[in-house]
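Dropping the structure in here first, questions after.
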C-alpha cells in the first residue's frame, strides 16, 4: 500500500484494466461522438487492454495466498471514511477475467452486429461505461464501493436496454429494469447501512471474518443478510423481482448477451459469493434464499416452455439458471455456485450471440419463423447454439454438465430432499425447453430454401459487406464455443484456485454421489427426448404438452401474472392512491389553504371596504355613536 | 329660566335632534336643515355660557355672530353642492351618492 | 293694575314666556326634522330659529336675537327656499323612510343626548370670579374691530369665498357634460 | 499570499453592484453591450469565488478573508464579511449559476437592460447573505434578494406568471416577517448590543428557552424559502412561471439561501433550539422527500416536475440538517451545492427546449433525443444526478445524509431512502416520455444545441461530474467548518 502505483505491476494492471474503459467512455461522449469508427476503436482498444490486464493479474496471482488490497481516500466525512481501491483475491480475479473477456468478445461481435446503426458511438460509450463499472465493482474492497458501482452497472444497463429509445417498449423496458432493480438496491443499501452502523466497517474481508458474529446479534445478521439479498434479487432477477429481465431483451442482442445473461445479472450471484461467509452466518436467511432460488428457477422454466421468442427463451433460462446458482450458493456449496456462474457466463453469452446472428439475418425473433425460413442454413451459429443448449441442459461433456453436477451435489447434501427434487425438476425442464428451440429451428415443419441474402441486413449493407460482418460476428462464437467445450475440464484447477481461500466453507461441494450423476443426466436426456418427440421427429405436431393445456399455457405465457400484479400495484397504489392523493392534497389542501388565506385576506379587505361604502350617514352614525360611547366611558 | 342647565339641556336637545335629522334624512336639503339645528344648539350653548359664566359677556356674542357667518357660508356652499349633485345624479338622495365607495 | 301686577308677577310672566318660547323652539325643531315634505321642514326651521332668537333675548342679548332672525331666518332659510323653488323640482323627490335607519338614527341621537345631558348634569359649573357687566353693542362693535379684527376679516373673506365657490360649483356643474 | 488582505469578498459582492450600476447607465437599445457587460461582471464573481474555494486554508480553518468594518456604532452593526467551510461552496455555486445563467439568457430580446439589472440586484443580495457574518446585513441582503424575483417572474415569465410571482412574493415575505422578529428578539435578549454573529454565537449568550423560541421562528422563516414541506407550494409554481435563468438562479441558489439561513442564523445562534426541534425538522424533511417524489410523478409540465424534484431534494438538505451530526451537516451543505448545479442544468436544458419548441408539456414533446441529442443529453445527465446515480455530485450528498439520518432516525431515514425508488420512477418517466419514443414531426426541423450556447451547460455538467468523481475536494472544505462546529455543541 505504501509503494507508489507505477512501481507495482499488480496495481498498475488493476488500475489500467478497471479505469481505461471509463476514459474511453468520457472520450467518446465528449469528443468522438460524431465519428463512429474512431469511437469503436477507442472502446475496443480500452477493453482489450482490460483483458490483457485481467489475464495478467490472473496469471500472476494464480497461487495467491492472501488477498491483495489497495485503497486510497475517496471521501472523509466526520468519522466516515470511504476508500476507493482494489481488492484482489481469487473470486474477484476470476470475475474480473470473465467480465473483461466477455466484454471484449461482445464488443468485437458488436462491430458486426451494430454496424451502420445511427447510435454506434453512443453504443460503444455505454459499453465502455458498463465495462468500467462492472470491473471496478468486481474488485471493490468495500461494500460501499461495491454498491456504488453496482448502481452504475444498473445505469449502464438502463441506457443499453433503452438503446433503441424510439421504440416505446424499449424505453419502457429500460425504465422497468432500472426501477425494479432499484427496489432491490434500496434494500441492499439499507442492509449495508445497517451493517455499517452496527459493525462500523464495510470492508468485505472484515465482513467475511468471524468478527461479525461477535459484534452483531444473529437476528441482526439475518435481517442484514435478507436486506442485502434484496439487491441480489433485483440484479439477478430472482423472485419476486424477476420480470424485468425478459423485457430487457428489447436491447440490442449483444447487450442481452453481455449484460443480461453473462455478466450484469450475474453480479447478484457474484455479490452472494463475495460476502458468502457473511450470508452463511445466518441459517434462516440461507434457507429463505434457497426457497427463493428454487421458486425462481421453476417459475422461469415454466415461462420458457411456452414462449415463441428466441431471446425470451434464453432470458427465462438465464433467470432459471441464476436461481439455480443462488440455490447452489445457499446450499452452502460456494465453489459450485461460482463455477456455474463461470460456465454459464460462457455458454449463455454463446447462446445469445448465436441468436443474435439469426435475428440479424432474419429480422425476426420468432423461432418458428426462423426455422421456416431455413435457419439451419447458418452453419456456424447453428452448431454453436446446439453446443450451448447442450451445455445449458447439463449434458456431458459440456461445461454446464460439470457445474450443474456440482450444484446438485450440494443440494443432495441438504437434509430436506425437496431442494434436490426441485433442482432435478429444473434440470429436466431446462433440457426440454432448450431443445424445443433447437429442434424447432433444425426441423421446421415446412422447409423453404435457405435464402439469407434476401432477408438479411438492416437495409444498409450489400451481401459482400454482410459476409464480412458475418465473420466478425462468427469469431466470438467460435471462441465461446471452445470455452464451453473445455471449461468443464478445468473444474479441479479452478476449485483449487478458488477454494484454497475459503477452504472452511466448502463442506460437501465435491462429494458426488454416483446415483445422482446418472439421475441428473438421465433427466436431462429425457427432457431432450421429450422435446424430440414433440418437436424433432418427422411428422411431429410441434405443439408442446403444455401448449395443449390452454389455461396453463396462458398462465405461463403471462408470466404467472406477476407483471400484471406490478402493473396494477403501480397504477392503483402508486399512481392512483399516493401520487394522486398527494397531488390533490398539494393542489387543494396546501395550495388551497394558502390561497384560502389569501382569499380571506382579500375578502376581509372587501368586507372592510364595504364599511367605506360612501354611505355618509352610516359613517357619521358610527362616528357619533363611538363618540358618545367613548365619552360615556371616560366620564363615568 | 335662570339656571344654566336649562339652557344647556335645551341646546343638547336641539343638537341631538339635529343629529337625528342628519342621520335619518335621505334628502340632502333635509340634512342641511338638520345641520342648521345643530349649529343653533351650539349657539345657544355659547350664549348661555356667556350669560352665566363668562368673565366678559361680549365674547360669547361675538362667537355666536361668527357662527352665524359660518353658517351662512356653509349654507351657500351646501346648496350649490346640492344643486351640483342633483345635476349629476338626478336626485338628492344621499344614498345614491356613493362614489367614494371602496 | 297693581293687582294684575301682583296677580301676574313679572317673573311668572317671564316664566310663561320662556316656556312658550322653548315650546316654540322644540316644536319647530321637530317639524324641521320629522315631516318628509321639505317645505314643512323649512317652515319648522323658521319657527325653531325664531324660538332660538327669543331664547337669545332671555339670555340678555337682543342684538344677537335680531341678528339671528336677520341672518338665519332672513338669509339662510330664504336661500334654501329659493334653492328649492328656483331649481328643478328638488322638493318633489320624497324618498321613503327606512325604518331601521330611522331607528338607528334615533338610537344614536338618543345616545348623544344622554351623553351630553350626563355631562351637563355632572359638571360643576363655576362662574368666573370677576364678571364684567358690559353688555352694550358699542363694546361689541369695538371688540369686533379691535380684538377680533382678524377673525372678523377672515369671516368676511370666508363668506366671499363661499359665495364665489357656490357660484362656481353650481355653474360648473351646469356646464360639465355629465 | 501577498494578496492576503485583498478584499476578495467585497469584490465579489460589489462587482454585482457595479455591474448593476453600469447596466443602468447603458442605453437600453445597446443590447449586445449590456450582455457583454453582464458577462464580464458575472465572470468576476465566478472566478473569484472558485479561487477563494481553492485558496481557503484548510489546515488553518475558521473564518478567513475577513473584512470587518464598524458601520453603526450605537447598534453594533458591522459590515462583516468572511468565508468559512459552509459558505465557500455556496459562493462558488452562486458564481457558477450566475455566470451560466447570464450565458443562458444570451438570446433574450425583451427588455434586456431591466432583466440583467434585476438579475444583478438579486445576485448581489444572494452573495451578501452568503458572505455576511452580521445579522443585520444578512436580513437586509436577504430582502434585497427577494424583491427582484417579482418583476423578473412577472415580466419575463410564462405560464400563470402573475400568479406565480405573487404567490412567491407573498410566501417569501411571510418568511421574512418571521425572521425579523426573531432577529430582533435575539438582538434584544443578547444584551451585547451587537449584530455580530461571531459574538452572538458564543455559548451562554442565550438561554435555552430563548434559543428554542427564536429557532422555530427562524427555521420556519428561512424554511419557507428552502421549500420545507408544507410551505413548498410556492416553489413549483414559481419555477414554472420564471424565465430560464431566473429558474436556474431561483432553484439553484435562492432556495439554498433559505437552507443556508437556517444553518447560518438559526443553527449557529440557537444550537440548543436546533437540537430541541431536530425531531420536527426530520419529520417535515421526510415528508418533503416522500411527498415531492409522489407529486412529481403526476405532473405533466416539465418544469413542474423539476420543481417537485427540488422539493424532494431540498428535503434531503433539511434531513441532513436535522440529524445534528457531522455527516448530516456535510451532506446537507454538499447537497445544497450539488442540487444547485443539478437543478440549474435541468432548467437550463428545459429552457433550451422550451425556447425552441415553445412547449414544456410532456405529452406534446417526445423523441427529443432524436431531434436535439446534445440538449437531451444534458437533461438526462442532470436527471440521473437527481436520481442519485453514483459518481455524480448529489449521490455523495445523499449518501452522507442518508447514513446519518438512518443512524439518527431509523424509520424516517428508511422512508426517505425508499422514496428514492419513487424519485427514480418519476425522473425516468419524464425522461422516457420527453426524450425517448417516437419523435414529434412538428419539431423535426429544430436545431440542436451548438457549441457556444452549450457552454453554460457544459460548465454545469462538468461540475456535476467532477465533484461526483472527486467528492473530497468539496467535503474537505466543508469538514473544516462542520467538525469544530459539531464538537463545540453543548
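When the chains are written out, they are named A, B, C and D in that same order, and each has its own residue count from 1.
The criterion applied here is as follows: contacts are C-beta pairs under 8 Å (C-beta built on N, C-alpha and C of every residue); 3 or more make two chains touch, one makes a residue touch a chain.
None of the values given here were measured: they were computed from a predicted structure.
S.K.: Grab the C-alpha centre of each chain and report whichever is closest to the global C-alpha centre.
M.R.: Centre-most chain by C-alpha means: D.
S.K.: Report the inter-centroid distance (CA atoms only) between chain B and chain C in whole Å.
M.R.: 7
S.K.: Distance-wise, how many Å sit between the C-alpha centres of chain A and chain B, to the nearest whole number?
M.R.: One centre to the other, that is 97 Å.
S.K.: Using Cα averages as centroids, what's the distance between chain B and chain D in whole Å?
M.R.: 67
S.K.: Chain C to chain D: how many Å between their CA centres?
M.R.: Centre-to-centre distance between chain C and chain D: 74 Å.
S.K.: Would you pick out the residues of chain D that each touch at least 2 other chains?
M.R.: If we look for residues of chain D contacting two or more partner chains, we find none.
S.K.: Two-or-more-chain contact residues of chain B, please, as numbers and ranges.
M.R.: 19, 22-24, 95
S.K.: So which bits of chain C are touching at least two other chains?
M.R.: Chain C, residues with two or more chain partners: 101, 104-105, 108, 112.
S.K.: Judged by the touch rule stated earlier, which pairs of chains are there in contact?
M.R.: According to the stated criterion, the contacting chain pairs are A-B, A-C, A-D, B-C.
S.K.: Which residues of chain B touch chain C in their complex?
M.R.: Chain B reaches chain C through residues 1, 4-5, 7-10, 12-27, 29-30, 32-34, 36-37, 40, 43-44, 47-48, 50-59, 61-62, 64-66, 68-77, 79-84, 86-88, 91-93, 95.
S.K.: Quick check on the complex: what are the chain D residues that touch chain A?
M.R.: Those residues of chain D that touch chain A are 167, 170-171, 230, 232-233, 291, 294-295, 297-299, 325-327, 330-331, 367, 369-370, 377, 384, 389-391, 395-396, 400, 402-403, 406-407, 414, 417-418, 420-422, 424-425, 428-429, 432, 435-439, 471-472, 475-476, 479, 482-483, 486.
S.K.: Okay, in this complex, where on chain C does chain A touch?
M.R.: 101, 104-105, 107-108, 111-112, 114-115, 118-119, 122
S.K.: Within the complex, which stretch of chain A touches chain C?
M.R.: 617, 621, 624-625, 627-629, 631-632, 635-636
S.K.: Considering only the defined contacts, which chain B positions touch chain A in the complex?
M.R.: Touch residues, chain B against chain A: 19, 22-24, 94-95, 97-102.
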